[in-house]
Amino acid sequence: MLQVEHVNQYYGSSHTLRGVSLTVEKGQCMALLGRNGVGKTTLLKCLMGVLPVARGKVSWNGRDITKLKPHQRARAGIAYVPQGREIFARLTVEENLVMGMATLSSREAATISGEVYELFPVLKEMKHRRGGDLSGGQQQQLAIARAMLQKPGLIILDEPTEGIQPSIIKDIGRVIRLLRERGDMGILLCEQYFDFAHELADKFVVMSRGEVVASGDAAEMGEEHVRRHLAV
Amino acid sequence: MANLLKTLAALLVLAFASLSAQAAIDPNLLKPLAGDDPDARIEAVARIAALANDDARKVLQALKDDTLYTTPDGGVLVVTDDRGWNPATGATGPLPDGVDGVVVNNRLRGAVDGALSGMALLSPDAGLRRTAAQALLARGVTPEQLPLVAKALAAETDAGIEATLRTAMAVADLQSPDVAVRKAAVIALADTGTASLRPQLQAMLDKNADGSHAEPDGDLRLAAANTLNAIDSRESRAEFVGNLFYGLSLGSVLLLAALGLAITFGLMGIINMAHGELLMIGAYTTYLVQALFRQYFPNALDWYLVAALPCAFFVAFAVGVLLERTVIRWLYGRPLETLLATWGISLILMQSVRTVFGAQNVEVANPSWMAGGVTVMGSLVLPYSRIAIIIFAALVVAAVWLILNKTRLGLFVRAVMQNRRMADCVGVPTSRIDMMTFGLGSGIAGLGGVALSQIGNVGPDLGQAYIVDSFMVVVLGGVGQLAGTVIGALGLGEVNKFLEPVAGAVLGKIAILVFIIIFIQRRPQGMFALKGRSVE
Amino acid sequence: ADTIKVGILHSLSGTMAISETSLKDVALMTIEEINARGGVMGKKLEAVVVDPASNWPLFAEKARQLVSKDKVAAVFGCWTSVSRKSVLPVFKETNSLLFYPVQYEGEELEKNVFYTGAAPNQQAIPAVEYLMSKDGGGAKRFVLLGTDYVYPRTTNKILRAFLKSKGVKDSEIQEVYTPFGHADYQTIVANIKKFSAGGKTAVISTINGDSNVPFYKELGNAGLKATDVPVVAFSVGEEELRGVDTKPLLGHLAAWNYFESVKNPTNAAFVKKWKAYAAAKKLPNAATAVTNDPMEATYVGIHMWAQAVEKAKSTDTDKVIAAMAGQTFKAPSGYTLTMDMTNHHLHKPVMIGEIKSDGQFSVVWKTKEPVRAQPWSPFIQGNEGKQKL
Amino acid sequence: MNARVTSRKSLFSKRAWTALAVVTVVAAALPLLNLVFPAGHALHVSSYVMGLVAKFMCFALAALALDLVWGYTGILSLGHGLFFALGGYAHGMYLMRAIGRDGVYQSHLPDFMVFLDWKEYPWYWAMTDNFWYCMLLVVLVPGVLAFVFGYFAFRSRIKGVYFSIITQALTYAAMLLFFRNDTGFGGNNGFTDFKRILGFDITAPGTRAVLYIVTLAFLVGALLLCRWIVTSRLGRVLQGVRDSESRLMFIGYDPLWFKLFVWTLSAVLCGIAGALYVPQVGIINPSEMSAANSIEMVVWVAIGGRGTLVGPIIGAFTVNGLKSWFTATFPDLWLFALGLLFILVTLFMRKGILGLFEDVKSLRRKTPADKPVEEKSREAA
Amino acid sequence: MTLEISALKRDGLDTTHGAILYLSDITVSFDGFRAINKLNLDISVGELRCIIGPNGAGKTTMMDVITGKTRPTSGTAFFGQTYDLATMTEYEIAHAGIGRKFQRPTVFEQHTVFDNLELAMKMDKRVRPTLFARLTSEQEDKIASILRLIRLNGQEDRLAGLLSHGQKQWLEIGMLLMQEPQLILLDEPVAGMSDAETARTAELLNELRGKHSIMVVEHDMGFVTEIAQQGKVTVLHEGSVLAEGRMDQVQADERVIDVYLGR
């Protein structure tokens, strides 16, 4: 279970996160919504440890991980699909996938599970191509596949559908639902594509200017006061 | 010289006729050795050699080894381990006061060498005979020595030595008054002769002042011309192979110098100006290991180099890790600033070595198994030390390649270097990988330093001599491309060695640099540039 | 002031530190020695050491600093000719004194400089004469091998003219230059080998310090022995040999005006004093400390200057210059050296040594008397009128 | 809206103008203090100090030139020592001719040519007895070389370290070329023993003072010129070249000519610096073209603060000042001190010495809670 | 080179045949892999053309070809009747009147928002003019209006590198407008934008329709439907055109559903 309590963060003198709190349970999909530039990515980076938290606490399965390095959080079972894909441009697709299993023992990491290839057949086709040569959407697929291979307890997805063709978005939706239903994994989904988020989420939070301004169960997501925070 | 050899040979023949001559050496024979009349000393060497017994050999060997001493009373002593053996009496005892080394100059040394190798021609040890035969060939056989050589030839069982002796005979036969003998010799030499015969063969073709031929026999002139041609073409082939080899060996040196940088700079993007100093640290470690062996394992001295390899690797590795932890780690993502900091590190390392070891070079000797070389194609010497470096370079490259491409660690290294933050996020302990990678690059530089210590200076400035070349190699090959570094180094080595004979060392070097500039115009990302989107 | 300041201007860092550091140390030792004796004119000498860092313009800056800021009475320093050329204008402008202790190419005579190293006729020419002699092996063909800068170039120019005068044809001389710091002598050694096939060959090496080790190592590798092709070097002394495994170099030669191995009481004392000094000051590698020619020249230079100051009863440049003429000093080389009355160069003995396996030289030839320097070599055109200098 | 535009950085802020003026006046006063007050007077400035400052100003000018290409355009040159040296050699040719027959051999040729047995000047020495012609060379030689080299390199889109390394190869090759005696520029010794300039004794205090003032004028002038360039729209294009060259092309700029412009200008400024340097230090030789010298220039820029113009000037003075001081005060240890300085500046003063001033200024304005969090920039490709 | 540009400018764009862009038989292969395979495509003057297609269909590569970033292996690409794009450099193409927004936002991160817009502005982009250039008041107004349009007014002094992903997208669109190109290429302009922002972008594009020729690549079907209106939509697949037609036609096409839309 991920627990975020009163997290604050600054870029220089600008206060980007102002006491953000949220909780993601196992088997639950939490949608993180908000307009452009409100601090969603920043929050996710803080959760992953890419950015330091100025004040506040992040704990995972009851353990305080606020001060841990990203790789320690990865080892603790948190996987991350960043905005902008961040694949290893000069490694082959296959090597990129193997990197997803960096936290596993080398025996477990010896083979890439067929599951991801089934989900993203293009990755199998392009196994030997360099990651950086892929098209934008292919890279996004690679980034998601990489995170799945980590067998995480929590998966953090920053706009995973960006640049992906509709049919695969649907597939990704199916996967997320599947993962959620397996019940051993928490999902934190930051998404602009409202309908997509709406369909998958159990709960949601909406951010505005670095603060959580609304939250609740998926059912309340379509309500006006929520929509208002997303409108321009 | 000819005169001397004449006496020498005559005496040798005599001597071998009565090989059983024995007992101590006549002091009168030894006396001139202690004097300072050069001609008398040479004469004395010849006479002693004529004795052709063990004692004589011991005296001559001592002269050669600088272990022959004079006593105040005009006698000589062969000194081993603070005890003197008196060849005049056969007695061995402690050294008296006032002994002084016999001064040997090149002329005397030449005579001693000649005498010793003459004696060795009939030695039961094939190795000695071979060396002697080769020395004889190199020095040239005079007609007076022919009987001796003939005798040795008759007794010789080893085909190789026999061939050498035959060639030596043929060379001598070139001076024979008998046209037929000369002709046979000229023809025989077509297959074996070396460039040193060229003046003699050329002389056969020359015309005298009056226009007549120096060599009256026309057939013989033709044969001589043919032999000359054969020698020339063999020489030019040897020269080509030689250049190829020199280029390969220079390339291997460049490669060893650059390989560590290919990791710290090529892979990690650190403009590591202290790379040269890591080479230097490897070389100084070699020096220390050598000193240690000299002190504690003098018997195993020849193997100090083997011990130096892991030591140099670990010392350089440790220094690398230290640098990474204290300085470099703060500079990832700021590649240009690494230039500044590592420049500072380089100054400090250099001055530290100067303070500890002095500004002068220190001595690192080749182990004896690396001394000398194989002679191929008649005249081309391929030094063992160079061969060893080529093999060593190949091994190190193979090891690096395996580590980077066939291990998980290698994959992590490459991933971290491409996208540190994301590697961190998938669970790679990046700072440990950084440390290990920089350490690995440094350690490999240390290995390079061991190799460099075998062919050049070991001094505080060692690194400065290689830093520019190393960067050129890495960049020429394409930053981050191991294969590029290998090809770049070997290519530069070869181009250099084929240019140097034409342009000279200075213009050759300039030409190389211009070549690099032009080459980069053609391939702005180096030889093995990655193409496509992934490089953006 | 109650001390007399003297400047020491030797590179302690950069490429020349290899050679110059020990000159700084020997200068300090000499100054200590003079002070122990009571100093000069009753005043102690005070050394001002600076590091021009093998950077030629910095030499000029440091020289100016020593002369005009520290007000030293004389400067002892420089090794390379270019550093000397760089500081010359400063000494001329300020009319102050430089003592230069290194063998050099000549073609210079400055009022403000005293040259205590060898001019070409005190080193190069005797060495070649020796090589051509019976004892030297009777060389007929010559490879003039040097680093591409003014000292080798000039020396070789002089030697070429000299060899010509001895009937050596141009085709029997090969002149080869390498860049500074050249480290790969494979091709050159192979060429020497090839060239030597044509007859008795000697190599005259004016290779600069740093390149010597790779050169000699290659020579050893290729199996070229001194008995086949002797190499005589003008820039390789005991100090340089410390960094080389000398076993393969047995019998190769060097020409100097002093060797550590010369036997006489003055030298014994000098060497002993130096070793003791090195040990006392904990110089790096003190255990293997050696002396060499430029160190001796430094030693002689400082002493002679001190004598001249005593004689002139002043450190005034012009007075000291006047007093320097004809100064004599019993030098470690075993000879009494005289400062020439006119040409600011020392009369020096010439010695030729063969390398021994212990890194020392055994002297195989030397002149009976010190030889007067000819800074303007008669073998260079246009110098005919300058021979009286 | 227009307020926005007028608030854009002008050439200098008022305070900066004042500071510049004060520094210039103080610097200009040095030679007066040297000439007017006798040695020993409290206000006397020795010629040694003046010589040092003059030398540093030449270095500062070179550093400024380097900052223009490196700091603003992102082109790291490891070969600016070459342009510096070429400017120096061009001026040196005149100074050698001006020796006349007062050389060692009393020939109309420089000593090194006599020594090579040359009877005539080679063609490339033609007209070098004319001061103004040589001044033209000072500008043209580095300029044309930079232009041609730059044209081909930039046209081939050579970038980053590849460019840096070929500039290093260029200066290294030139150094080897100039080392050769046969090249006709005095080989290893280069040019020295200058006697006069435009008929004036080159060592006379008055001449020195004039050279000093001229150097100062060029330095200040170059600073103003560079400042003007980098604050113009062209300056922003240059920074665009630095940050994202391909983006610049897609909005219609041809980076080639922009790069070529600053590159050539920088080389010319550097050549001028060299030309001013030579008569004041009295020697020019090929070691100025050594790789290490060019790297040192880069170090001056980095120490002072890259991309600030004033920073490199401060850097050149600081590094060289410390070097002069250390080499005399701690001849055995100074490299430790200098090396440590480089490391510390890199680690603790990201923006160089000038950046330190700014940090201190901004620290005073900020509350501790605002501690800036810098996100590490993405991996450099 | 500068000379050539001005020569081109003087000629102006010749669109007498009604089309502004002609791609015929374009093939691009990377080490044997054909990212684009004999592609034929025309865009008419003033048309707004949407391009959709699976990931990896070659949409971005096609834009690379048009903007000179990638050279076609074979085939011809013409801008108007006269500009042979295959022979022109990136900046010549930009100068000729083609502007592009990249799939991943690319702005000058070290420049302020204002400077980004100023640099992109349509003007003489040679060395000397930029050195002496001063902003005129019309130009200032233009920048101000674009700033408002992309909702970055008030942020014009921020460094572009500090903007969020979506803000960078907008800035890039702003830069494109400053360029006043005749042909605008937009590669996934609303990726990462919130729904509201997406709607605004659609609005903007609808405004620009007719004034510029526009080519939009998007995966957001709602957005595409909104801007395509009655215009043509092209579906690329494996480097060639799979289908072409009105949005509703294309959406109903079984092949398109199979490879792209999914069920």
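Residue numbering begins at 1 within each chain, and the chains themselves are lettered A, B, C, D and E in the order written.
Just so we're on the same page, a residue touches a chain if its C-beta (ideal position, glycine included) is under 8 Å from a C-beta of that chain, and two chains touch if they have at least 3 such contacts.
Values in this document were obtained by computation on a predicted structure and should not be read as measured data.
The greatest centre-to-centre gap from chain D, using C-alpha centroids, is found for A.
Of all chains shown, D has the CA centroid lying nearest to the centroid of every protein CA atom.
When chain centres are defined as mean Cα coordinates, C lies farthest from chain E. With each centre defined as the average position of its C-alpha atoms, the distance from chain C to chain D rounds to 36 Å. One finds 29 Å separating the Cα centroids of chain B and chain C.
A straight line joining the Cα centres of chain A and chain B is 62 Å long. In this assembly, the C-alpha centroid of chain C lies 74 Å from the C-alpha centroid of chain E. Looking at chain C, one finds that residues 12-13, 148, 179 touch two or more other chains. In chain D, the positions touching at least two other chains are 176, 179-180, 246, 332, 335. For chain A, the set of residues touching two or more other chains reads 11, 50, 133. Of all the residues in chain B, the ones that touch chain C in their complex are 1, 38, 66, 101, 103-107, 109-110, 113, 138, 194-196, 198-199, 235, 239, 242-243, 246, 249-250, 253, 350-351, 354-366, 371-373, 379, 381, 383-386, 454-461, 464-465, 496-497, 500-501, 504-506, 509.
On chain E, the positions that touch chain D within their shared complex are 1-2, 5, 67, 69, 89-92, 94-95, 99-100, 106-111, 114-115, 118-120, 125-127, 130-133, 135, 137, 140-141, 144, 156-157, 175, 179. Against chain A, the residues of chain B that register as touching in their complex are 408, 411-412, 414-415, 418-419, 421-431, 480, 530, 532-536.
Touching chain E in their complex are the following residues of chain D: 1-2, 4-5, 229, 232-234, 236-237, 239-240, 242-244, 246-258, 261.
Residue ranges of chain C in contact with chain D, taken from their complex: 12-13, 49-53, 55-58, 60-62, 64-65, 68-69, 81-82, 85-86, 88-90, 93, 107-108, 148-150, 153-154, 157, 179-180, 380-382.
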